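Could you have a look at this structure, given as structure tokens, before my questions?
Just so it is clear, A, B, C, D, E and F label the chains in written order, and each chain counts residues from 1 on its own.
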Amino acid sequence: MASNGTKGYHPGLVDLDAGEVSREIFVNADIYAEEQERIFSRAWLHVGHESQIPNPGDYFVSSMGEESVILCRDRAGAIHVFLNSCRHRGMKVCRYDEGTTAVFTCPYHGWSYGTDGRLVGVPYFREAYHSKLDKAKWGLVEVAQLCNYKGSIWATWDKEAPSFQEYLGDFTRYLDLQLDGWDGREGQAEILGGVQKWLVPCNWKFPAENFSGDTYHNISHRSVDLAGIGPSGRSRRDYGERDISRKLHVCIPDRGHQTILYLMPQGEPTPVAYQSAPIVSEYFAHCEAEKRRRRGEYGRFVGAPGEVFPNTALLSRQPRTMAVWHPRGPHQTECWRWFFVDRDAPNEVKEFLRDYYIRYSGPAGMTEQDDMENWNYAHKASQGVIARRHPYSYEQGMDTAVRDFEWQGLQVPGDVVDITEVQSSEQPMRNLYRRWNEFMMADSWAELATWRRNDRDVAE
Amino acid sequence: MDERLDRLLLTQEIADFLYAEAELLDERRYQEWLALLADDIRYWMPMRRNVKYGEDGREFTREKSDINWFDEGKETLSRRVKQIETGIHWAEEPRSRISHMVSNVQVLAATPSFAAADEVSVKCRFLIYRNRVETETDILVGKREDFLRRGGESWLLARRRIILDQNVLLSKNLTFFI
Amino acid sequence: MASNGTKGYHPGLVDLDAGEVSREIFVNADIYAEEQERIFSRAWLHVGHESQIPNPGDYFVSSMGEESVILCRDRAGAIHVFLNSCRHRGMKVCRYDEGTTAVFTCPYHGWSYGTDGRLVGVPYFREAYHSKLDKAKWGLVEVAQLCNYKGSIWATWDKEAPSFQEYLGDFTRYLDLQLDGWDGREGQAEILGGVQKWLVPCNWKFPAENFSGDTYHNISHRSVDLAGIGPSGRSRRDYGERDISRKLHVCIPDRGHQTILYLMPQGEPTPVAYQSAPIVSEYFAHCEAEKRRRRGEYGRFVGAPGEVFPNTALLSRQPRTMAVWHPRGPHQTECWRWFFVDRDAPNEVKEFLRDYYIRYSGPAGMTEQDDMENWNYAHKASQGVIARRHPYSYEQGMDTAVRDFEWQGLQVPGDVVDITEVQSSEQPMRNLYRRWNEFMMADSWAELATWRRNDRDVAE
Amino acid sequence: MDERLDRLLLTQEIADFLYAEAELLDERRYQEWLALLADDIRYWMPMRRNVKYGEDGREFTREKSDINWFDEGKETLSRRVKQIETGIHWAEEPRSRISHMVSNVQVLAATPSFAAADEVSVKCRFLIYRNRVETETDILVGKREDFLRRGGESWLLARRRIILDQNVLLSKNLTFFI
Amino acid sequence: MASNGTKGYHPGLVDLDAGEVSREIFVNADIYAEEQERIFSRAWLHVGHESQIPNPGDYFVSSMGEESVILCRDRAGAIHVFLNSCRHRGMKVCRYDEGTTAVFTCPYHGWSYGTDGRLVGVPYFREAYHSKLDKAKWGLVEVAQLCNYKGSIWATWDKEAPSFQEYLGDFTRYLDLQLDGWDGREGQAEILGGVQKWLVPCNWKFPAENFSGDTYHNISHRSVDLAGIGPSGRSRRDYGERDISRKLHVCIPDRGHQTILYLMPQGEPTPVAYQSAPIVSEYFAHCEAEKRRRRGEYGRFVGAPGEVFPNTALLSRQPRTMAVWHPRGPHQTECWRWFFVDRDAPNEVKEFLRDYYIRYSGPAGMTEQDDMENWNYAHKASQGVIARRHPYSYEQGMDTAVRDFEWQGLQVPGDVVDITEVQSSEQPMRNLYRRWNEFMMADSWAELATWRRNDRDVAE
Amino acid sequence: MDERLDRLLLTQEIADFLYAEAELLDERRYQEWLALLADDIRYWMPMRRNVKYGEDGREFTREKSDINWFDEGKETLSRRVKQIETGIHWAEEPRSRISHMVSNVQVLAATPSFAAADEVSVKCRFLIYRNRVETETDILVGKREDFLRRGGESWLLARRRIILDQNVLLSKNLTFFI
């Protein structure tokens, strides 16, 4: 019966030909349970940033899907991610948010684990266990694969998953916008102290699709536009470059990653921003020039909201943040947000940006507040038996994406919809749910790595 | 005796100020509330971490250098008011039903004296009950440390430090003033 | 396993031959889910009263089953009921309780709907949608059928359902007691401002069966009888006419509607009530006379608690109210109560009645409080694995109902149990669960409209 | 100085009255509580609607003409007490465990003067915690506006307006006084 | 999918050969539902103590599994246990914690039941029921079997269950340590006023296995050892006899009962305890001597934490308490704790012990607080989809239990692991889950009474 | 006038003491808190039963003879502090975020006089908000009856009776002071 709806997922619920997606996938408890197995235990998930654990023994307690994990650096300096649960009786071995330690000692019976996850201490090992317990077998559960990509730490529970680089595919270049310095130098990002964590009563896919590049919901931010929040003290949340750039929706088919991208004109410098704050203005002007020099034509890319499948949000321009939407049941999401600045930026710049970030983002953020209100009540109004009979509409800009999009001598990787004139499309959401559907249907990574088959086809 | 009385009168006066402020917020008289804020007010609400015993220094995010729930001045506070008053700030439209309960009012210091105070630092406990739309409900509890400065007739709030007793924020937003 | 009991409903659970009903149907989550599909999306439900939306553009946000709906009057004056959820991403389009508007504009992406439900505004329709979105297809979801019966608004999601009049069958005459003026004039009812809404931790069927005519639980109201609440300042909640009238349980078989009815003696005037308040007393004396004149013998009917299947409660005498028991999960009910007075009654009468209504009904009502306590803990004490093995007893007055009941020259439509001497019966509850069982078993309205088959049988 | 002191003394006196009243209710000394009510008391608790920005006039149901949660006088209040004291008012049997927390006590007006007040209007915040049977728990928070009249020794409650910060009532009943 | 895990229990989840138990049995909602049917409605459960209801009409409202039950003494002095739910519509008939009454009258419609459970009052029995209701059939639901064992009251819902004595098997002797006087006299225990009741967010099996004899978690009590809580004012929670006794894990195979036991040396007196309080010290010295005299060699037994399957905890030394772990959903347990003293002990002794009990046990108990913290977060950290893939480890002291354990001329009934030197074993937990698995798999008590078959085998 | 003033001054003084005490607890300054306790302090928190109307005598467990939530003196209280300060009292490690809200402060008696009180009995309402680790949250509400004795400079808490408005304790533990 529909009130707890169809038992589990079946492909009809995501109908991209019709541009429709059933409400069931957002509110159905069985589908949610399947997601934990099929998506969160197989996909690459964002865990944190290496600057959060600079020294041996440093740790940061993070989350992957529903579960608590420990991101830590062992005595040899290697980075690990472990399930935060003792192997003996499951006690949460680390209940601090961050710190530095030599070992993680379980409070219940005292098993202790090294920062490399090995079970190093077992009380009465000789007496009670007659030295028989196979310690090598009972270390902390470690992720199957971990990747430190330009300082950002990613992990997956699935050893069959492709490498993170392969998982990203052509999206790498867009993720770089987040992680490199504004001046184009590699991995110059630094995390400001304090990771925001808060609960929103909605399914995790509402924020995930919103950050995939929802260019259509600006109207919901009208109040903040009127009140004014802009770093330039202007009332718009965005920037001068909009007036001269191409605004694009870029999607990586087969991967489920997507983003908004601003493509600057050839040869023209990026317009000056933050005029109200000369030091900041100069800093960005300088960086823009540097970036053009370093990245050449690709320096014309300016980032914007985007999403790495399934639940990591990018925002590579100001407010420069990354967010993860942790599932906490079908009807609740725990949002985590990291804030980025260039490591070498002048303090005035960092301070200026920090002020803007705080008033823009998160539960106290004048902009994001209205998003969460919408996610909350869109979810709530979709739970009923009648509502579930009526799918959401994703028809916007169907069949308008092009491969090999090029403008002024620069080709943009991925499927592109130029929304400069049309203002908006729902290509990114379709890209997201296409991939989501593949994860829900596929029984193995062999199936999920569709591009390999495609390559092979090409080869033949 | 006189000194006790001075302390008493000042304490009551400050408590009255805090109650009147709460009244303005709960009655949504935001412009009048803004008038109670000094131009150089600092409104700071740090985030809190779970830290090991003895590492209390790392419990709170730092003002002016870390990310905080709030860390701003009057201009931003005024914009928040302006946003609510657009009538289309959906997170507060329809507007919340809010009560600010203020208790444990302690005047920690008064300069130059309790008898003739120009500046006062006061600490209290707060409980904010917020209910909206049909059944959405939040309860926030914590401590507030306020620094007040005499400004003509009334007192002005020159600094507010808000310590919320939460780690993961249990509310979806903070569209109200604390 | 029984703790979440049998998977779904099966007919053995309602055993009317034995006069027993399983506790499962009250506490089982799967059965609750089935109810949403089989009962609340197929039956006629009460939504509100036209006096709540007198003018074009007026709306009142109501509820049907678990879901929020908008009752509104369009610019042409026509009344509609819509699901309160945007077709684009499901956002609750109207979050006010009532008001007046030209359009319902969604806060998320700005789709706007006319008061007739049509999708009238789509931002960037030309640009982003290339004018391709079929607006006609994406209007607000409207109920399949709506009926304005003497000012009360009823609706169903099922286009196969019979008309409301046919759905009521012979119960019409009893619903009239609620909606007509006390003097017998048609649809003279007016709703007092303020609809009570409150949550009770029990299954929705506890209040439903209680209002079906539970004449057996007066003992639970002993405290209010002792304290005194009566409008006449007397300590009983009821009235003089009881002493001379016949008290009946009237049930409409095949329909699932039932009520208590007082039948006055032929020729005798209804005894004076409210002596303490002359104006009120006169008003009702006048109305009684008028009613006899207008309705003839049927003027001898005096209403009492009753229930229109499945979840609408009537109370056509003082306190004159209608209530709906909205399901909010298997273990919670949201009660809504509307308060009625005669539109043309003198203000003193309205004021007098309002005072009585408030102290009698709802969460602050001295009478209803004890009912809710019982529903709460009857439900709670029925959830366990042992409790579920023991059905409730509905044997009271089995096989005592008569068809064609007549007294002093007036025949009463429906199956009737004369409880004047026997004091009470459980015929109304049996009638309720008989129909409930039919809804749970039948796959179509063709099956549910049993009376049509019966008529045909007769015809043949 | 004297005026401040008069205000202070009166405020404390009124606060004491409100605390003593809460004490009687929480200790279930209902007859003594009734004795604090003026014979012409009006006890009013409206329902609240979600309304559009700028339509605040329609937020509350109206006293004496709309349906309200409470809108009554001493006779009905006395009957409510009588009902509890039958010992078989099941919704309060076994009786609830209740605490009335009263905070933000503000004396809004005093006539003829603070020094010699016969009538006082006072506003506060309340939190009512109600727990009963095993785990049943309700928390109600809101504002109270009371009008007090001096009656011989003590003060009498002549009017109470209760603003609960809820729309759909989140409790199954209101068998207690607020 | 694993997030709500396997549908129901299957035996692979408890793998005692490998010494592993799946986390599913602690966090899976379907398995929890099965437990209600297979364990709590078939096993013998502890209800209370006869000293709580000394006189006819006395009652104490207790709990069996999820459900409220009434323990009462009827007018003839016989003890009964009834489901606390009216047969008519399920209302909780008694909502007081304890008291004295002649009848239990239901608040809803007034059915009343005698203290022997018979339905004695039915309003309008003659009129409304035409005297047809079979009252004998509609009395309060009574347990199938009840046993008053030395003052402690036990009951089961299953009439096929063996007698309580047979259910206990060889565990009787250990339960006696709880219920007899410290001086060895039969059933001298008295319950102090006030039963502690509190909620812990964990599965009921965490406390059950902890009290089965978790000798391995002392480390988690390090803080209280440092702070000092000992009745002797010493900082250890335990006693001098430890230094000279054998410390044993005693398990009753086939029954699922297990306990820690201290076995004193032959001939030697038990060392003096509580030196700080002469009167107490003398009392216990006296009792020890008496016990040796009365019990002979068995007087060398000193009790310690133990568990009667499934959810009754014993602690027969100071703090002398019994506890029951009531399931309240898969993720919550309601703990009840009764406190024991010798009925005839001097008041100084009772007072001295009471002080110690209060600061040791329950939610305010300096010792038990840390246990509950561990149970809470061990449970929480075991709910996720990855965590569930990793079973708990129960390998400690595998295959070290011996039958017919004897020391200094005294044989100890049951399977015994001498942990005096090895410090700890997990034999008791394995014994618990072996039995738990049998309950989950067996369809009848014929299967569950394995010892009968064994006896037969022997006979043949 | 003087008498009212004496009462007022004492009430404020006692309230300040209670607020200062709450401050020490919430700031985890336990040693300073212990210094506020008389050596012979009795700290008692009974359990509560649901009883029939008219049997209120059986509602609370009895001090010094029944089992109670707390029923102890300074030595045990000091050990509790010591336990927390080991840094490995897992039920408080990481330590909880706690606010003690104290309201309805009523001085019930003062001897020999309000003007020169050596001993005072005071009653209040409390709300304790406790939040720890990530989302674990408890709210405890009830009444406190304290008996204070003047000890040199400050007041000393000589007896505390805590009435929690719960039957089944809704928290997994009571690792904090009330």
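Here is the rule we go by: a residue touches a chain if its C-beta (ideal position, glycine included) is under 8 Å from a C-beta of that chain, and two chains touch if they have at least 3 such contacts.
Keep in mind it's a predicted model, so treat the numbers as computed, not measured.
Undergrad: Strictly by the touch rule at the top, which chains does chain B share as contacts with chain D?
TA: Neighbours common to chain B and chain D are C, F.
Undergrad: Which chain is most remote from chain D in terms of Cα centres?
TA: Checked the centroid distances; the maximum from chain D is A.
Undergrad: Roughly how many whole angstrom separate the Cα centroids of chain A and chain F?
TA: Each chain reduced to its C-alpha mean, chain A and chain F end up 47 Å apart.
Undergrad: Could you give the separation in Å between the centres of chain D and chain F, each centre being the mean of its C-alpha atoms?
TA: 27
Undergrad: Would you kindly tell me how far, in whole Å, the mean C-alpha position of chain D lies from that of chain C?
TA: Chain C and chain D have C-alpha centres separated by 34 Å.
Undergrad: Where in chain F do residues touch two or more of the other chains?
TA: Correct list: 5, 8, 50-52, 88, 90, 93-94, 101, 103, 127, 133, 135, 139, 167-168, 170.
Undergrad: Identify all positions of chain C at which a residue touches two or more other chains, and write them in rising order.
TA: In chain C, 95-96, 107, 199, 220, 370, 373-374, 377 touch at least two other chains.
Undergrad: Taking all chains into account, which pairs touch?
TA: So the chains that touch one another pair up as A-B, A-C, A-E, A-F, B-C, B-D, B-F, C-D, C-E, D-E, D-F, E-F.
Undergrad: For the complex, which residues does chain E have touching chain C?
TA: 8, 29-30, 32-38, 40-41, 64-68, 83-92, 95, 107-110, 123-124, 127-130, 132-133, 138, 141, 157
Undergrad: Considering only the defined contacts, which chain B positions touch chain A in the complex?
TA: 45-47, 49-52, 55, 58, 61-62, 64-72, 76, 79-80, 82-84, 86, 88-91, 133, 136, 167-175
Undergrad: In the complex formed with chain D, which residues of chain E make contact?
TA: Result: residues 95-96, 107, 199 of chain E touch chain D.
Undergrad: Could you list, by residue number, the parts of chain C that touch chain E in their complex?
TA: On the chain C side, the touching residues are 1-4, 23, 26, 206, 214, 216-217, 219-220, 370, 373-374, 377-387, 390, 392-393, 395-398, 400, 419, 421-425.
Undergrad: Hey, which residues of chain B end up touching chain D in the complex?
TA: Spelled out, the residues of chain B in touch with chain D are 5, 8-9, 12-13, 16, 19-20, 22-23, 26, 87-88, 93-95, 97-103, 127, 129-135, 137, 139.
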